[in-house]
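Here subunit A shows up in two complexes: once beside subunit B, once beside subunit C.
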Partner chain A sequence: MKTLNKSKKRLLVFIIIISNIFLTSCKSAKEIDTLGIVVAVGFDLDGEDVIITNEVINPMGSSTSQQSSGQESTKFVIGQGKTIEEAILNTSLTFDRELYYPHAHTIIVGEDLVKDGFDGYIDMLSRDKQLRETTFLMVAKGAKAYEIMGINSGLSNSPGRYLHDITQENMETGKQRPLDINRFLKYFYRKSGGVVLGVVEKRDKKTANKDGKADTIEVLSVEGGVVLKEKKLVGYFTGEEMMGFNFIVGEFQRGPIVFQTPEDDKDKGNFKKNHYSTFKVFKNKTTLDMELKKDKLHLFIDLKLRGALKATQEGVDLNNPNIVKEMEKSIEKEIKRKIATTLEKAQNEFNVDTFSIAELTHRKYPELWKEIEDQWPEIFKDLDYTIRVDASINDVGFINTTKKTRESIYE
Partner chain B sequence: MISEDIIINKINIKELFNNTSDLVLYEFKTVSEISILIGYIDGMIDTDILNSDLIKPLKESKKIGQSIISEVYISKYKEIKDLKQAIRPISTGGVIVFIDGIDSSYTFNIGQWSKRSIDIAQNETSIRGPQEAFIEDIGVNKTLIRRKVKSNNLVFEDYTLGNVTNTDISLVYIKTIVKMEVLEELKSRLQRIKTDKIIDSGNIEQYIDDDISRIFASLSYTERPDILVGKMSEGHIGVLCDGSPNVLTLPKLFIENFHTSEDQYIRPQYATFLRIIRLIAFVISFTFPSVYLSLILFHQEMIPTDLLISIATQREGVPLSSPFEVIMMILFFELLKESAIRLPKSIGQAVTLVGGLVIGQAAIDARIVTATLVIAVAVSGMAEFVVPKLREMITIYRILLVLIASVSGLYGVSLGLVMIGVQLTSMKSFGIPYMWPIAPFDRQGMKDNILKFPMPSLNKRPNVLTPKKSRKRDEDIE
Partner chain C sequence: MNNNTISSRQMVIMLVMFRVTMSLSYFLSMDFPPSNQDNWITILFSSIYIILFSLPLLFLTNKFSGFDMIEYFSIILGKWVGKIVIILYGIYFLTYTIYLVVLQNQLVAVSVLPRTINLITISFILVLALYMLSKGIILLFWSAELIASAAFGGIIILILLGLKNVDIMELFPILRDSSFKDLNKGSFLTSLIFVDIFLLTIGGKFLEDKKKINKILLKSVVYSQFTVTIILIVIQTSVGLQQASHAIYPFLLYTRLIKYSSILERIDLLYVITWLSLHGGKVGLYLLFSLKCFKEGLNIKKNKLITLCLMIIVLIVSNLLANRVVLGINIVLLTDMLYIPFIFTTILPCFISIVYFFRRKTLKKYTIEERQL
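Moving on to the complex of A and B:
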């Protein structure tokens, strides 16, 4: 190659830089005041059409420092069309800002649409550049999405933020399933098995007001989960069942377990019947294992929990190691019951494997899997399982004997 | 040529200085009736010394001839054979003496003129350490250096530059430490200077810089003798210029911009912390407005939702486009800075107050600019003052990056930063890599330049700045 002289070299460098800037297919600049920032999206079905409800931030209503003229903090922009994309574009006919989705933290899907079959609509979730993969996806239980979206009974300044915040804050109860788009799609497109998605439900709740009269307000609750089988809705898990579900899939990390205090026994303490204590889990490790026993698959669910005793009944002497062991046994029993209930419902009522047990079998017995792949739903229905729980109370709090016991000791 | 007749000499010297009004010529006779003519420039000499040590002994001298030197009590003298040789001594505080009947003359340097006294450093202030600063007089400056380095290896080399101003220039270095290649390079560049005036060391800088088309200077300057001496002890060379309180130091390393004299005197842990702060400030100072602009225009998804809502609220009703808003604020800030520097000190503060508080707040209230933007520009402006030596570069590149950012967002900003990086790493200052010790990497240099290790653990001199046989610092220099 010929050596270029200095001015030619400079020109070449200049051209490279300029083309670097202009040939990158970068989108052009957009001023913030031309964007409608969407914080929550709802999908619904209306006959043949899809209705998309966007909760858009109203900048003038959101300011806290200035005395805004009583404007709403958000506006609801609704579009209708044959596909979701068309519905979004149709909003521009009636709304003055370009909808901007990266800050949408929750997507609510109406029950109708999920019953109809989710498949045809969610392609856009992964294909669209603007939606974040960390956006939470939820199903409106027994309602349309737009019926849910206007409710704000929290302290957040918009309903969308309220919904997002309760989804995130409630992670500690283990009674719900915050699933984002990324993880949802991972479960959704697999060959066998279903998905458990989070739900959101409108509830009436008693509240107090200044006048001292009893009153009810509408709140949103994210307790429970919805079960999708073959990409369609088949039923719901309750909050209790979701705890069992989260124990099986290993997503129960922290949360309270209410269990029955062990029954009366003279040697071990002086308990009353049918009283409950609370145990707060702070660490849980679930291990699933599959074994072939006499040509039959057998599932092992192993849990190892550590936690603290948060509240118990009067008269329990926690200085006695035997009593602590009894308590632990009672916790284990409670957890086993929860897991069994969930598995029972999944096997018999829905007959859908939402726990990724199919993947486990595939991994463990790849040869066998090829044979049984087609009969998996039947095999899952009759699957035997053993639950082994090892709970340990690591902390009993500041006091270890209740008042009554202490009195009886020092008398 | 000098005549034997002092009348002719008198006419000649008047003609030589073009009858300038400040040339004083005084003719007198000794006790032995010999006519003597002395000439000097008014205000450039010490008249007490002139009277007591020159005129008095000459007047009282009984026999005068070639032995004039032994009669006079002044040691700085020079014999003049040609009248033209006398121009420079007379202009620098010399007294020329003609004796009737002798065809040569002498100049005696008794120069003394009014000059500023040594003052506290104004621009490079420090809490701990020496406070004195250089002044405009090169002789005093030399003394200041010599008082700090009591060694026979401290060398001054004098030059005269500018065929009108005839400014005195002096190179200063420590002979055993300096790298000869650098010194030779500097000398050859100095000899290439052809100009009529050198008024400040800044003029020399422009002639001997590696590449004047670059915004990064390959020379540094200081007004503090302790900094100069500290640098000389690591192989740097100083260039003193008469009439300038700023002494050039070279070669320059990029990292020097983040050093202050105080780093050497305070606890090393704190000095390290301060240096990291300065590095962060440097990055903030020229990238902050452009990064802000790219986020606002192109990458709204990268802003946390709450902040985005807050900015959107502020943007509502602002008529200007964001790039214009940023450039306007930057220009406004430059205006404020320039007016505060140029105005007398007492008014300067008022300007800052009015400009900063009143206009800034009013502009936000009137919805001409957004408050977040004002914060972004103000923070970058604050950060600029942390590294004042890079002020020129920061100001220019800040605006360039804002322009790129308004066209192509963060991609453009990173492209701009890469280009600045390429420019910096390709630079050399008098043959020394500009980015040392970062590129080329040098572990020993990092200890002293990026971080600040305690003095006892730094016992090697920087290897790029000193000769190969670089000794340890605690060994003797012969």
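Moving on to the complex of A and C:
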């Protein structure tokens, strides 16, 4: 092999040193003490201006130094401008850190902004390189985003974290719909339907204090969903309706279903008023199908659920197979009711297909779809449907019958 | 294996990887007709067009298997016309290198170094290309076997990790919303993206078994188009059809969605490393092709001089373009520009093949049949 002469060796060493200077990435490095790490962002409308509220981590208020410094773990920094970008820019005029968004896990949009039309602000969500596509997107129900962003009634060390945690923890209840930016945009870009997005709401809740008296505190609730039609807010689904919604779209995972307990009269189940049982779903499969019956579309919603009986208020004799069957029927009835309520509301009140039924029709009848695509809102409004639920109780826990039932059996 | 030869496997890997990189940056095929859930079919169909459009060059390479494309162009077209055509190819390869450098610089800026000035990034890309160029074509293929295999592993890992976001129902209904005309046009345009036949026509000279050229092309087309189809399917079904065509880097978007609680997230850097390692090799190889063309066409013996000149041209033009143009925005312009490679992969070789037919008797001594005798 040819050996390098002295001058070439020197040149090589020089190049290596120069390369090392560049390769340390110091050119665009950002020191952590110059950054304001944003954990939650809020967007609101004020006249024609956009208000951006950033919840920024306060290094002096971190869990270890919080007690000694007495400072909050996060700070709220607000900016205003004609566009979101300008609002962010204007924030830096009064804040001594560069706002850094990759760690933002929740975006809250004020109700005013969503009512005004969301599409003008969507661009930033998909164009911005810092915001992650997995960030949750929620609407502040009946409030401005900044009005709810400071509330922390949980054990999390910041309000942003508290909101993120209650969203994450309640994913299985089926009473909400936490959509991230990617999934939101996926539905949002579709021509045919609307979108149901998660909500966050400020509520008063009773709590106990040391004196044994009931106090009221402000909490955040993520129950329910907001319905967007043509990029504007048209209404809300309640928590119960969201359960129906999640059953239809097949996103109900492991939530509890409260149903009326059938009366134990050995042969047939009658219901006693205000006596409820809880069934916890651990497996659910939704199948949607569309059929053309006498030139009219008919939707079939088939659900197969398996779950466990978690509790009964009224003791029932689970040794009696008829009772278990009656309970399963009662569960099915309750789920059907939930689904029907949601569908009726979507058809009659909102007149928007948020269930991707349009896509189902397109898949099943592509030729027909070309003809009816433009009339879909009218067709959806009058769409007939059949709900078929097959629920089975596969687990009753550690006991078979309650003490009261056992006594009545031996009497 | 001989140290001065390239194995069929190395050639196939190189061809497949060069084609796959085209689907990892902006994915033009998503915007081609029918621009809906059937686009994956156009990728598969494009295999036929890729083979069809490669036929003239493949025919000539088979005939002159002891020579590379630059050499047999001179033989067929004669000294002067041959030189002009070779210089034209040199300009084309140089333009393609500039395009690759601008694209690579753009992705680096988007993903990892947003504030670094373009000149520094481009300089580093070119220093790397220069190093590869200095090692020669055979060593490039040898090292590509290792790098490309690792990069392919990276792509598979990313695809698998993102599968939980895939909703296969997005692909339905199949073939009901697209006309044959649209599918055909989409396949035709898609085939114009994958122009890496030059690897075979220039590198083919060093193949261990030159008789396998047709087999190599066929294998590489099948493997690459299958991989690209999978990539397209996972992108479209996870980010949605509409959003996928809006995105400039759809596969980057796909990788940004990978999240398994807090254990595994922000894995998109793996994508950037994979893409850069594959793309770096591509820049080096096309610069080498360009160098060979200019050296032969202009009859310059001094390797260093011409390399320096080309590097300066690429550096200046790439920097100017990088400061002014964002690739992936003007889809119409990009689609129109695809006809330029079509001229060099198919139209010009077609004419050269016709010339060969007229001169085939005088050229007999160069062809494989004659040498076998």
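Here are a few things to note about the model shown:
Throughout what follows, the second predicted complex is superposed on the first by the 362 of 411 C-alpha atoms of A that agree within 3 Å, B and C clash if a C-alpha of one lies under 4 Å from a C-alpha of the other, contacts with A are read in each partner's own complex, and residues count from 1 in each chain.
Here, a contact is a pair of C-beta atoms (placed from the backbone, for glycine too) under 8 Å apart; a residue touches a chain by one contact, two chains touch by 3 or more.
The model shown is predicted, which means the values in this text are computed figures rather than measured ones.
Once the two complexes are overlaid on the shared chain, A:N348 sits clear of subunit B and of subunit C alike.
By the touch criterion stated above, A:R132 is placed in contact with subunit B and with subunit C alike. Between subunit B and subunit C, it is B that contacts the larger number of residues in subunit A.
In the superposition on chain A, A:V39 makes contact with subunit B only, while subunit C stays out of contact range. In the superposition on chain A, contact of A:S7 is made with neither subunit B nor subunit C.
In the superposition on chain A, contact of A:H362 is made with subunit C only, not with subunit B. Of the two partner chains placed around the shared chain by superposition, subunit B is the only one that A:I17 touches, whereas subunit C remains out of contact. Once chain A of one complex is fitted onto chain A of the other, the partner contacts of A:Y189 are limited to subunit C, with no touch recorded for subunit B.
Applying the stated touch rule to the two superposed structures, the overlap between the subunit B and subunit C interfaces on subunit A comprises residues 22, 27, 132.
Per the touch definition, subunit A reaches subunit C in the complex via residues 22, 25, 27-28, 126, 129, 132-134, 182, 185-187, 189-190, 359, 362-364, 366-367.
Subunit B meets subunit A in the complex at residues 296-298, 300-301, 305, 308-313, 315-316, 318, 321-323, 404, 406-409, 411-412, 415, 419. By the touch rule above, subunit A contacts subunit B in their complex via residues 17, 20-22, 24, 26-27, 29-33, 35, 37, 39, 57, 59-60, 62-63, 100, 102-103, 105, 130, 132, 161. Listed in rising order, the residues of subunit C touching subunit A in the complex are 110, 113-117, 120, 124, 165, 169, 172-173, 176-177, 239-240, 242-243, 246-247, 253, 256-257, 259, 265-266.
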